[in-house]
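So that you can tell them apart, the chains are marked A, B, C and D in the order they are listed, and the count of residues begins at 1 in each.
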Amino acid sequence: MLEIAYFSWVRERMGVAGEAVEVPADVADVAALLAWLGARDERGALAFAEPHRIRAAIDGAMMGPDAPLSGAREVALFPPVTGG
Amino acid sequence: MLEIAYFSWVRERMGVAGEAVEVPADVADVAALLAWLGARDERGALAFAEPHRIRAAIDGAMMGPDAPLSGAREVALFPPVTGG
Amino acid sequence: MIRVLVQPDAIDVTAEFDLHDAGGHGASASFIGRVRGDDGLTELFLEHHPAMTGAGLAALAHAAADRWKLSALTLIHRVGAMAPGDTIVLVLASSAHRAEALAASEFLIDRLKTDVMLWKRETFGDGRVGWVEEREGDQARAERWSL
Amino acid sequence: MIRVLVQPDAIDVTAEFDLHDAGGHGASASFIGRVRGDDGLTELFLEHHPAMTGAGLAALAHAAADRWKLSALTLIHRVGAMAPGDTIVLVLASSAHRAEALAASEFLIDRLKTDVMLWKRETFGDGRVGWVEEREGDQARAERWSL
């Protein structure tokens, strides 16, 4: 199981702050996760229609779209931060 | 008569914060004033032994050694400021 | 010496100055950022990733302490719902010398804008609600500090 | 909006912050300089040319207000005899935007060091008394701001 946390308008569009999901074996990196979530249901389609606007952190560290999910405990998905 | 104001160690060496003086007609600029004060008495010799260490303001405006004294009401003599 | 907080409660600026100043410092530079009521804004909500915001602020504070000789550093960020005039962020940096205190304060506020996992949502009097978009200028200012 | 003072009385930092902040500003940057008790210093005496110090501070404040969009500016300098820990100078600059507040604050403190007609005399616990010499660094920092 993978914990996914959503923030800002990603959270609003998903309707939840986070969820535990069982991702298919072929969903191996962040980009694939975004595509999978975007295809999974309507709220995912709404939240992940523009994957270039989404940033990801794996277990607290910012990661790019090709970062592997293997070994990850939590993936956080959110728009670019808007500061301080 | 010309008002002269002294500050910092110039004031201490002169023993007064200021004085009104009648300067000779040939003392026409700041450099000449420093030389005249330095030659006038012992405290002047002490205060103005190194004229390059002295700054001058005429009626509130910083002036160089060749600034004329004609028309001046107050000349302030002091070492470089040490701030803020 | 280093005090870093992320809190939903109001920031008590006077109390934080007193706490920071205990002991006395030659030079203290501060920055206070407040909620602006522009365009009829009634609420600013700051959402954060708690673990990442805490770690980000702590890393930033230590980066400043490594780079400049600081005698004290305070970095407090508010999160949650705020009203116009409320203090969002307080940066206080002290040193024996003014150049260090000023540079550290400016560094911290510039980097705060980009390094901390925070998202702003604005609510206006006419009912509009929206998430703030990333600003180009923030990125440019933060990148001046190559560490 | 612009508050400039030269005073022999202690600077009440909290009261000055409150006065400055009345109305609220998006961003406020401050600088506080205090007397350091280095090397057993017991008294710092600041002598000033009253007319020139007053005019110099006012000119500096207006130069900052002309250069940056400021919503409030406070510039207070203490003169006379002070003890270690006492506040010598308080600079407070506020603006809707942080870059303006930070730049104005730094400009003011850098230029204060050279533009104001003040001379420092130090007294130490062992009886030494002496006037502080001009520092090269101050001149260099002040000259960064070509106006």
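Couple of notes before you dig in:
Following the convention adopted for this analysis, a residue touches a chain if its C-beta (ideal position, glycine included) is under 8 Å from a C-beta of that chain, and two chains touch if they have at least 3 such contacts.
Just so you know, these numbers come straight off a predicted model, no measurement behind them.
Steps from chain A to chain C, taking the shortest chain of touch contacts, total 1. In this assembly, the C-alpha centroid of chain A lies 75 Å from the C-alpha centroid of chain B. Centre-to-centre separation of chain B and chain C, using mean CA positions: 50 Å. Mean C-alpha position of chain B lies 27 Å from that of chain D. The distance from the centre of chain C to the centre of chain D, with each centre set as the mean of the Cα atoms, comes to 24 Å.
Across the assembly, chain A contributes no residue that touches 2 or more other chains. Touching two or more other chains at once are residues 33, 109 of chain C. Shown are all chain pairs that touch, namely A-C, B-D, C-D.
Interface residues of chain D, counted against chain C in their complex, comprise 13-14, 17, 24-34, 36, 38, 84-85, 96, 98-99, 101-102, 105-106, 109, 141. Contact residues on chain D toward chain B in their complex (touch as defined above): 33, 47, 49, 51-52, 55, 77, 88-89, 109, 112-121, 131-135, 138.
Remark: chain B residues 5, 7-9, 11, 57, 60, 76, 78-84 touch chain D in the complex.
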